[in-house]
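One chain, chain A, links the two complexes that follow: it is found with chain B in the first and with chain C in the second.
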Partner chain A sequence: MEGKYSSDPEWASIKPIPLNDGVESGAEPLATIAYAAEYLEATSYLRAVMAANEMSERALKLTEDIISMNPAHYTVWIYRAKILFALQKDLKEELEWLNGVSLKYLKNYQIWHHRQVLMSRKDFFPSPPPKEPDFLMEMFAQDCKNYHVWTYRHWYVRHFKLWDAPRETQDVQALLASDVRNNSAWNHRFMLRFGPRDDEPDAGMPNSSGGASEKGRLAVVDEDVVDAELKFAQSKIVRAPENRSPWSYARGVLRAAGRPLSEWKEFASKFVIESQGNVEVKSSHAVEWLADVFAEENGQEAVRMLTLLKEKYDPIRSNYWDYRIRSITAQEVSASA
Partner chain B sequence: MPVVIAAAGKPRRRVRFSSSQTQTSAAAREHAPIRSSRSNLATGNRQSPAPTPRDQTVLKQNQNQPQRDSMCEPQPHPGVPALFKEPPVLLDALTTETSELQNGTVNKCLSFLEGLHSSQPGPFNKFGVPSLRQDEHVGYLYDSLEEYPAGFAGMDASRPWMVYWALAGLSLLGEDVTRFRERVISTFVPMQNPTGGIGGGHGQLSHCASGYAAVLALAMVGGEEALKLIDRERMWRWLGKLKQPDGGIRVCEGGEEDVRGAYCAMVIISLLDLPLTLPPDAEARKYGLETFTSGLSDYLARCQTFEGGISGSPGSEAHGAYAFCALACLCIIGQPDETVSRCMDVPLLLSWLSARQYAPEGGFSGRTNKLVDGCYSHWVGSCWPLLQSTLDGVQSAADPRRAGSLYSREGLTRYILACCQSKHGGLRDKPGKHPDSYHTCYTLTGLSSVQYHHYHTTSSVSSKGASAFSWKYTPITTSETPSDQNVFDEKDRLTAFHPIYVIPHAAAENMRVWCEQNPFKI
Partner chain C sequence: MTTVTFNRERHIKYFLRCLKTFLPSFYTSNDSNRMLLAFFTVAGLDLLGVLQSKTTPEERQGYIEWIYHCQVPTGGFRAFTGTDFGADNRTPENEAWDPANVPSTFFALVVLIILGDDLSRVKRTECLQWLPLMQRDNGSFGEVLGPEGNIEGGGDLRFCCFAAGTRYILRGKGETDVDGTRDINVENLAAFVQACQAYDGGMGEAPFCEAHCTAAVDSLYLAAGHTYCAMGALSFLSRMSKNQRPPPVLLPGAKEFESLIRWLVSRQTAELGEAEESDEEDSPEADEIQKPPTADEEFELNAGLAGLPSIAPPTEDSLRYAGFNGRCNKYADTCYSFWNMATLAMMDRLPLIDAARNRQYLLEKTQHIIGGFGKGVGEPPDLLHSYFGMVALAFQGEEGLDGVDPALCISHRAVRHLESLPWWGERA
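Presenting the complex of A and B:
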């Protein structure tokens, strides 16, 4: 059959390697695909140039053609990166091309690894490209919780040491202003403020390899940052008290600072209003917070809070709340024994 | 073009397949009704290669609709408790994209949870839960192993997954998948690379995920021909190239480093009984690492976030699928009460994991402030036995302690059976979505985990005592836990799966034992 490649003199020197999907081996292979002729032809040339480890312009064009038919073909992306480096191509041009592909295939993740591979090259990108945050915000406008884009952005911050770059905080602020429930943005903020820096190994919380009681604890605490972040979390909680994200954030902040949850006892109590034997609850997270504070002071009160969660405010988790109640009761028994 | 041969399934399946057998031209296939997987997790993408058409009527009917007028509509089944019929007690007034999507999902799920949606044929049990439509799901999964039209080229790198998902789903449903042995072998032979490892297809780079799916599929079909298919020495040498100086493992050469790579690699290593020692030429040796597990548990520890959950790589957001990969990997490295307790802040992890379950939906979400999705019935659901076992410690094989549940088995069962079953077979993310074999496999895995207690013991089938082969299970019966009703019927019981390998226990054990008995020389 005459195809785009077989009829092209540029490709005459290549003997394509036809697809072996197991059909010839006897038993019918499973989950086969009746590929379009164009795809079959292009991938048969891919196998041939990859087998020869060919680093050429024509091979580069071939990878683009296959990506346009199947962007989830991880092999072709890795091969493409190899060619780009071997031919010393202008990676800034590649980045421009990649932007278009990224907006077209939003959920693809090879694209984001490819971007990271390009951006790692200090010779092309000694400093962060000025338009990078704009492009990432364009991606977040399509899907503000895209895991691959956030993972890339986290890597980008670490790679270029941008923890204190005003733009990072601005973008997080903007995303939280438009949706205060964007947990990905909260996570990014936490890493900006409290994530390991410089030569420390990366981790989802400070001192991650420390023992149970030390995990999450900063070695050196900037109390001003801590106070500002706690205030920030409170300002977001009052807008939507049942939003779990800022409550978790605040727990992480206090833990990083080595400060107790009881600091927020009064604040949490604003969402659990008790009068004449009645309890009016505005946030289940505030109830949980108070339960944790009481667990240190007064087991009975802690159990009362956990019972509220179990019976009324978060009953789908009743087995978990029961487990918490049992742990507190067991502690009390062993303490009084 | 190859003629599609029926999967040698039950006789009634042949009838189903006969229509596709006649479609030998590509054009005919283009127009064949496709009810197969659109998922593409193999290399990370869960996105449909083809646009996902939406059921406009369902959307229109359910989005932000006011509460139904109970006077003119049928009443919910009396067996459904209020928890699964009402929106949450606490709802903030502030509206954002997240809350709109969440409320829309709740509204969409309610009529399914109540058993009132027109696409639910029933029958319903005394708890108001629809029964598992086993025949339809079995038929769906058999179909999913046959040929796909050209529009599915986006799955070209995911065929190993397609095979695994279908065989795992069929095993859960009690089908004998050994009948696929020859077809599994002919599928994977061209995917094995002479330099070691298995790629997503012929000529594709070896990838941990493809190797994982292939090893599990081969274990499920069993038999010497299948068990010896993988060149274990070359697999070991190839895996050695993926080990990174920081202890983590890449998914492929030149690919990303994340906890998927770590979990898939450790599954391959432990099932195939590969040496834990790194090959002599492994790059990571230059950084002082000597084994595949060197620095690995520390890498996984660094993936726990301030929220308590576990991310795909250090510093990213906590995510249910990665939480499972990390915990299961730790349970291969050692016993959970030792490794998980050492690497994770367990109370913080428990709190985050527990918060993944929502009401009234009953199902799990993958991240804070994201929607429930049937696939997390496995990714999150299968974390529970691993964490439960972390808390309970080693149990006596003969007389394990009957531990309580830490999550709502009832809620998860209701979500899977009421919201995830598609009318024509297959299971899905949520109402309004199309089924695919990825979601079918992982919702069924979740349903199976609801039905058993899993615990680890000191007795391992491995002669080397590998701890991952010390897991046992006992079925949960309805009378056992009155505080957390089991709302499935006995006829809906699925096969128990190994909590780490996500295949039947015997399949995992047989592969390991065979590999131990057939050592290879380095």
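Presenting the complex of A and C:
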């Protein structure tokens, strides 16, 4: 059968290498796929140019063809990058092409890694390309929690040292304004405010290699930033009290500042109103917060809060709340012994 | 309420179909993950206890030959035969285009173990020499070795986990050197993994990424829960160094440990993303209360607080099905039952979940009528969700399934075979 490549004079010099699934040597192949003839042909030409280590325009076009059928092919991307560099192609054009591919295959890991590889080239991208944040927002318009895009954006901020770039905060604000439950946006905000800067190794919390008491804590705390972030979290909690994201964010902020959870005791109490033996709850996360504060001061009260979660407001986690109750009771027993 | 059942016979049919017939052509985008698909197929039948009865010894030998056919001459395994341009054509200049792949090497070894192979044809020394070449200075691992010996692929937790797992399988529980082969830098790896813990207690793909429980969002491109991978890597390391104190995140009572437990149990959710709940959004419906902005923030806060309604406790009916999500404020998905439960199992805290509601979710909402499990409610089955759905049920003792080792992700029967291998016996 005449194929796209076998009938093309441009490819006449190449002897394709067919797929060898080991059948002739006695193998019973696993996970066999009903490949389309086009894919089988294209990949047999890919193996041939790879074996020849060919750095050419036609090989570059071939990688594009393969990517359109199997964007997760891990060596074809590395091969493509090598050809681009060898032929000294304009990486800005490559980025334009990649934008289209990214919008077509939303959940792909290799695409975003390739973007990092391109963006790391200081000769083409000595500073962040002006349209980069716009493109990332276009991606978020498709899926505002796309993990690959967020992971890339995290890398991009560190690579170009953009922690304090106004655009980063603006975009986070806009995404939170359209969905206050977007935990990815909350996480990005935390990284912008409290993430390790370029003189520190990358880590998931400030001072991640510190001991138990220092881990997650900033060496130098700007109390104004901390206060502003806590206030920001409160303003978002009031609008959606059952949204866990800002409550977690506030825990992280207090930990980074080395300040206690009890600082929010009064705020949390406003969501747990007690009158004549009745408890009116406006947020289950506030009950959890109070339980954590009480665990440090008053075991009995902590158990009362945890029981409220276990029996009434969060029964899915009743085994966990029980586990917490047991650990508090055990502490009290050992303290009184 | 009708009693739900695990439809073992249908699942056996599903996995046998995947084993013995061609996967449909839409799996082409997972061609480069064939080793992973092979793992799900073989491990699924093993978990169902029918691998021996439903395949012949000749077939199993043929599968073993295929895995060895995927072994790269310089050690380690490729993820699919598609990169193989022939041993005769292979040169130091082009071998980077047909490299050994870190996750696939782990899965190839595990499939061999399940099939009862003794790993005698595994290039063990070469593979153990290749592993440290895959490690970066910051402790993380890459996916493949590219041109000029560059470590290619993101420096994320998946590669850390499968590198640590490969080392575990090939070195055994002992820590002594194999034929003087240089080991990976264990301290750097452990430090990198622990640095990935985020402010909310979970683990991100890489440091400072949002805590996450899987990367296999769309199809099966490379299955991994980052939190699972982090704890898997640390578990493999600590299984091999029994005399050392485990890292804080594996130490009950430590802040790191307890905050991760909190994060993991918080993933269980009754938000299933069913059609009637929302149209197409990929996140639970917002209960946001819209307020016009005012100049006085303090006033707005207090006014907002006073006007908030109290919440009604959830009803028993609304909580009947509770699976797991992979990130805060996302819907439940079959594979997250596995990622979260396996991690809790590694931390010896599995009883903290609500097993009954998880079972209801898996069996009534994602178990498919033709066998296998789908990703979410009403979705067609695929290999990844089918295997992980079953493993999640196996963790909670579902009848008809063997028990599973949470880190190796294979049946206890297969683990016993691994532990009978020569280099395991020597140090036992």
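Assorted remarks:
Criterion: the second predicted complex is superposed on the first by the 332 of 337 C-alpha atoms of A that agree within 3 Å, B and C clash if a C-alpha of one lies under 4 Å from a C-alpha of the other, contacts with A are read in each partner's own complex, and residues count from 1 in each chain.
One rule holds in what follows: a residue touches a chain if its C-beta (ideal position, glycine included) is under 8 Å from a C-beta of that chain, and two chains touch if they have at least 3 such contacts.
No experiment lies behind these values; they were computed from the predicted model shown.
For the composite obtained by superposing both complexes on chain A, the positions of chain B and chain C are in clash.
When the two complexes are overlaid on their common chain A, residue A:D143 makes contact with chain C while staying clear of chain B.
Within the superposed three-chain model, A:V225 lies out of touch with both chain B and chain C [touch as defined at top]. By the document's definition of touching, both partners, chain B and chain C, reach A:E28.
Contact with chain C, but none with chain B, is seen for A:A52 once the two complexes are overlaid on the shared chain. When the two complexes are overlaid on their common chain A, residue A:E280 makes contact with chain C while staying clear of chain B. In the superposition on chain A, A:Y74 makes contact with both chain B and chain C.
Once the two complexes are overlaid on the shared chain, A:A165 sits clear of chain B and of chain C alike. Remark: of the candidate stretches 26-34, 476-484 or 512-520 in chain B, the one overlapping chain C after superposition on chain A is 512-520. Annotation: chain A residues 17, 19-22, 25-36, 39, 43, 47, 50-51, 69-75, 78, 82, 106-109, 113, 116, 145, 147, 150-151, 154, 179-184, 187, 190-191, 194-195, 201-205, 208-209, 212, 215-216, 239-245, 248-249, 251-252, 255-256, 281-284, 312-313, 315-320, 323 touch chain B in one complex and chain C in the other. Against chain A, in their complex, chain C makes its touches with residues 18-19, 22-25, 27-35, 37-38, 41-42, 59, 61-63, 65-69, 79, 81-86, 89-90, 93-94, 96-99, 101, 111, 138, 143-144, 146-147, 152-154, 191, 194-200, 203-212, 215, 217-219, 221-222, 248, 254-256, 261-262, 265-266, 268-270, 282-284, 286-291, 297, 300-301, 304-305, 308-311, 313-314, 319, 322, 327-330, 349, 351-354, 357. Residues of chain A that touch chain C in their complex: 17, 19-22, 25-36, 39, 43, 47-48, 50-53, 69-75, 78-79, 82, 106-109, 113, 116, 143, 145, 147, 150-151, 154, 179-184, 187-188, 190-191, 194-196, 201-205, 208-209, 212, 215-216, 231, 234-235, 238-245, 248-249, 251-252, 255-256, 270-271, 273, 280-284, 312-313, 315-320, 323. Interface of chain B with chain A (complex): residues 1-2, 4-5, 26, 29, 40, 43-47, 49, 83, 89-94, 96-99, 144-150, 152-159, 162-163, 166, 180, 182-190, 199-205, 207, 246, 252-256, 298, 301-308, 310-319, 345, 350-352, 354-355, 357-359, 362, 367-370, 404-408, 411, 483-484. Across the complex, chain B is touched by residues 17, 19-23, 25-36, 39, 43, 46-47, 50-51, 69-75, 78, 81-82, 105-110, 113, 116-117, 144-145, 147-148, 150-151, 154, 158, 178-184, 187, 190-191, 194-195, 201-205, 208-209, 212, 215-216, 239-245, 248-249, 251-252, 255-256, 281-284, 312-320, 322-323 of chain A.
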